[in-house]
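Once you scroll down, you'll see the structures, which are given as structure tokens.
Same chain, two partners: subunit A is paired with subunit B first, then with subunit C.
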Partner chain A sequence: MRDRVEDLALAGPGILLLALAFVLPIAEMLGLSILGTHRELTLEHFIRFLSDPYYLGIVWRTIYLSLLITAICAAIGFPLAYVMARIRPALRLWLIVLIILPLMTSVVVRTFGWMVLLGRGGLIPFTLWKLGFVGRNFTLMHTEAAIVIGMVQVLLPFTTLSILGVVMKIDRRLEEASRTMGAGFFATLRIVILPLAMPGILAGSLLAFTLSVSSFVTPSLLGGVRLPVVAASIYDAATKTLEWNFAAAQSVILLVGVLLALTPYIKLSGRRHG
Partner chain B sequence: MVKAVPNTLRVFASLFVALTLVFILAPLVVVAGVSVSESQFIAFPPSGFSLRWFAAIFDSNAYVQALITSLKLATLVTVTATIVGAGAAIALHRRRLPGTSLLAGLFLSPLILPSIIFAIGLLMLWSATIGPVSFWALWIGHMVIALPYVIRTTLAVLADSDPFLEEAARTMGASRWQRILYVVLPQCVPGLAAGAFFAFNISFDEAVVALFLRTPDLVTLPIQIYNQLEFSPDPTVAAVSTLMMGLTVFLIATLDRFLGIQRFVGT
Partner chain C sequence: MFARVSQIAGVLAVAGALASPAAAKDKLVINSYGGAYEQIHRKLVIEPFMKKYDADVQVITAYSADALAQLRAQKAAPQFDVIHFSGGQEVVAAREGLISPIKIEELSNGKDLYPFATEGLSRGEGPVHAVAAIGLLYNKDKAPKKPAKWADLWDPAYKDHVVLTDLSNSYGLLGFLMMNKIKGGSIQNPDPGFEAVKGLLGSAVVVSTSPEMQQNFAQNDAWIAPYAQDYAYTLRKAGLPIEFVQGAEGTPAVYLTANLVANRPSQELAKKFIDFSLSSEVQAGWANELRYSPTNKATKLDDTVAKEVVYGEQAVSGLMRFDPVAVDAARASLVERWKKLIAR
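Moving on, here comes the complex of A and B:
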């Protein structure tokens, strides 16, 4: 009994912090989303959001861009993680450091880098112009392509590290057995490695999707005001037009979407850890 | 024995990894490049070499104020999140509390739940109960985000620790307080140190909670950069960004030097 009291005292400050500053704010948001102007219960904010083609367009853009971003991250992340798992440990450590470096750099800074690269006269439009693909004043800024490029760079480290964790645990003898039995390199990759790595690929993709649908800084700066995503719409309602109940309702919709993606993620990563 | 990987494939794989690294690192290199350019326009590749944009940071009151705010905030968050996280991790590791796995899930959930959702909730709750947002709101918000990192790194270290050490201390007559202070905490140190590094880095770089909770008097460095990017970026932004990257590199190098980074990567 005294053991429990001791442990409760140890964890107490943390529990208190999360209860007051994490659980309660989310509860407050849920509450506000169903309150009308005279504090009556209403679903008007949800109806307003889900019946307006403008907002539905934002939702649709957020979802399909996130799906695209997630797919690209998985398509690059899997081969990258596989190569990293099969090279010398010293080299692998270097690659991990080089991947963590951007991961630990502020999203604002990384997005700024893309603004320079993609903007008018930036290295990428300039190269495309020199190669004769585009006109002189071509810019990639404020396009969906810019959002995708910037977001893939932000999320690729997450996906890669998540897949790497699983690929590292695959028994190399399975691969050798497959090769000895006559399967080629690619057949082995497809029949042996890919299915075994699938939990990691799925977990990494679900995490990337979650982060992508809720990201704000990169899509706002690279996409501009004419290509808003859900997070930008929430931000505008919360800080510019000050429609808090409407902002709360949008956050609840985002939260529901995120939880739908996170439920299989938690199952996958739970199985992996134990 | 069959040849494991065909040679052409090895070349292709190296090329693929190299291109991916270029893609991942490109924005960082570009920012660093712009910061040392002589030109007063943002241009990459840079023309000439000059450190005047770094000097310009310290002439700008807005940047200096933001830098001070960010350093104060990140330091406070690091200290408090490490202390609170240490207690939570020890309690979670012992698994004696009822519902430990549920509690662990709660403690780690800010890692996977996007911060925008909780940032807006915090803004609304703070405004409804306490009043206008302040430095302390931001402190609380960053604590919530940083805490799971401290807990995770400390739990990882505790998982490798010897459970009988504490038992031995108890048999030898050490009190509860002595056992925690002299037996358990020393074993946690590498995890706490790594967690503290992550906490500092997260608080110093974080932009979403800080954006929702910003006031004219409460602007962190990432938010100051964000403001500049929205309106008129000049090479000073690049210099500030480069300073932030330098700090990150320093933190990663220190972490790796003393503790080995591979232990704490989420693989």
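Moving on, here comes the complex of A and C:
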């Protein structure tokens, strides 16, 4: 009995905060999403979103950009995490600091940096132009490539650190055994390390994917109004055309989408730990 | 249930405000539009007002659409005293009871205002405290020639160097309605406008905010854009060779209003603030600093400034206004259709 009281006392503040700051707003959002103009129950907002090729196009862009961003993050993050796990602790600390450091600046500031680099006359287009790879001064802004570049930079730390945690725990003797048995460096990486690091890669990728589908600032600034993503569409509906119910319905669709993406992972990790 | 919770939250907020130390000065919460506008707003209106009335004014940066969204969200417990709109949102706000009507007698500057500035008072809207004329901005160093009319936007001479503004932006919406008008459309029939914009999209950049407009003129080799007279001056001050031209077909304008938020305890002080914004000194300041056209007949301007704003009885009578009620009714569908048109 006392245990339960103590447990409750310890968990209470957290549960209260969750209830006030998460469950309540989500419940209200769910409510808003099924209310019509005269407060009657309706599915019109969902139908409007899901039956319009324009909005489905936005969903498709959001999903494939997020998948691409996630794949690039994993492809860069895995080798980086492996190297970090295998170097001297002092050096590793510096690399971790280096990776975390960008997280200390606001994502808006970092995105503005990319705007300078990618715009017409910016470092990247200008260099390509001057080196003769492209015929004229151009801009990389307002392209899907710009969104991918900006988002990869924002999300790389999350992926790398998730993978690092898992790679650190891999027994080095497994690697040594593999090498003495005749596998080369890359074969060892592929046959031994990669499968063992999979939980980390999966967790990091899911983190990157969920953050990416719901991201708003970077896609809006780098992609511009002509390349809308779901989060930007929600923002537009809520603040520009003031269609709150429609915005809520879009949010519910995004939330369900993220939950669906999470389910296989929750199932997998649940099997592993218990 | 949630209404109840927000009511309680509102009561708590009010109780908190009342319980704060009695020595605190009277306080107003207002919105401003950020950037250079907000700096000048502080210098011309907010700070002199605080000094004159020994009051505190807290400024929250929010563009018109955001400000209206916030007012709506706070309906049970409003957090603003004076709300400024630039996109005709006062029509909606008045209709929904979010703002309180003001009588012209309550404003000491009321009698000096042009009729168009006080026209909305009878509908429960706030007075117009400044006007931003919409026309064509062009880069006088780079553009091959000076534009003269709205139809010049489609001139092949400017191809690949046109900047259009998203319809969620007040200036963008008016610019579009004007393009639509010269192509033979009306607010109820925007097809000609959309059709005409479609022809421009392949070689134009679309932006949604003023800073993006500046960035395009500064870095992205923009030559011509439908936008506001005051912003041309902002760009000139930033060192860009940008001039403003009134399109021969007409000059639509943004009417900036100051509105009294309903259900707030300090409405008397808020009315003084609105009145203060209407004085000829403040309005001359706006014209000098940012090239907003005055709505107060008694405003005195230098010749150079007078030439760069809409000034004097006759010039003012040439301004056009798209019916804000009709614009508001069409806004959501126009914005959605625009979004679908421009999305790649």
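Please note the rule applied: the second predicted complex is superposed on the first by the 248 of 274 C-alpha atoms of A that agree within 3 Å, B and C clash if a C-alpha of one lies under 4 Å from a C-alpha of the other, contacts with A are read in each partner's own complex, and residues count from 1 in each chain.
Just so it is clear, contacts are C-beta pairs under 8 Å (C-beta built on N, C-alpha and C of every residue); 3 or more make two chains touch, one makes a residue touch a chain.
Bear in mind that the values here come from a model prediction, so they are computed numbers and not experimental data.
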Superposition on subunit A - do subunit B and subunit C clash or fit: clash
Touching partner for A:L8 - first (subunit B), second (subunit C), both, neither: first
Touching partner for A:S106 - first (subunit B), second (subunit C), both, neither: first
Partner chain in contact with A:E28 - subunit B first, subunit C second, else both or neither: both
Which superposed partner A:R226 touches (first subunit B, second subunit C, both, neither): second
Partner with the higher number of touched subunit A residues, subunit C or subunit B: B
First, second, both or neither for A:T139, with subunit B first and subunit C second: second
Contacts of A:Y54 with subunit B and subunit C, given as first, second, both or neither: second
Which superposed partner A:G121 touches (first subunit B, second subunit C, both, neither): both
Touched partner set for A:L242, first subunit B, second subunit C, both or neither: second
Touched partner set for A:I234, first subunit B, second subunit C, both or neither: first
Superposition clash, subunit C versus subunit B, among 40-48, 58-66 or 238-246: 58-66
Common interface residues of subunit A - those touching subunit B in one complex and subunit C in the other: 24, 28, 115, 121-122, 238-239
Of all residues in subunit A, those that touch subunit B in their complex: 2-4, 6-15, 17-18, 21-29, 32, 76, 79-80, 83-84, 93, 95-102, 104-117, 121-123, 153, 156-157, 161-162, 164-165, 168, 179-180, 185, 207, 210-211, 213-217, 221, 231, 234-235, 238-239, 244, 247-248, 251, 254-255, 258, 262, 265-266
Subunit B residues touching subunit A - in the complex, by the definition given at the top: 1-2, 4-6, 9, 13, 16-17, 20-21, 23-31, 34, 42-45, 83-85, 87-88, 90-92, 94, 96-98, 103, 105-107, 109-110, 112-114, 116-118, 120-125, 128, 140-141, 143-144, 147, 151, 176, 180, 201, 204-208, 211-212, 222, 225-226, 229-230, 233, 237-238, 241, 244-245, 248-249, 251-252, 256, 261-262, 265-267
Touching residues on subunit A, where the partner in the complex is subunit C: 24, 28, 31, 54, 57-58, 115, 119-122, 137, 139, 141-142, 224-228, 236, 238-243
Interface residues, subunit C side, partner subunit A - complex: 2, 5, 65-66, 68-69, 72, 166, 168, 205-208, 212, 215, 219-221, 331-332, 335-336, 339-340, 342-344
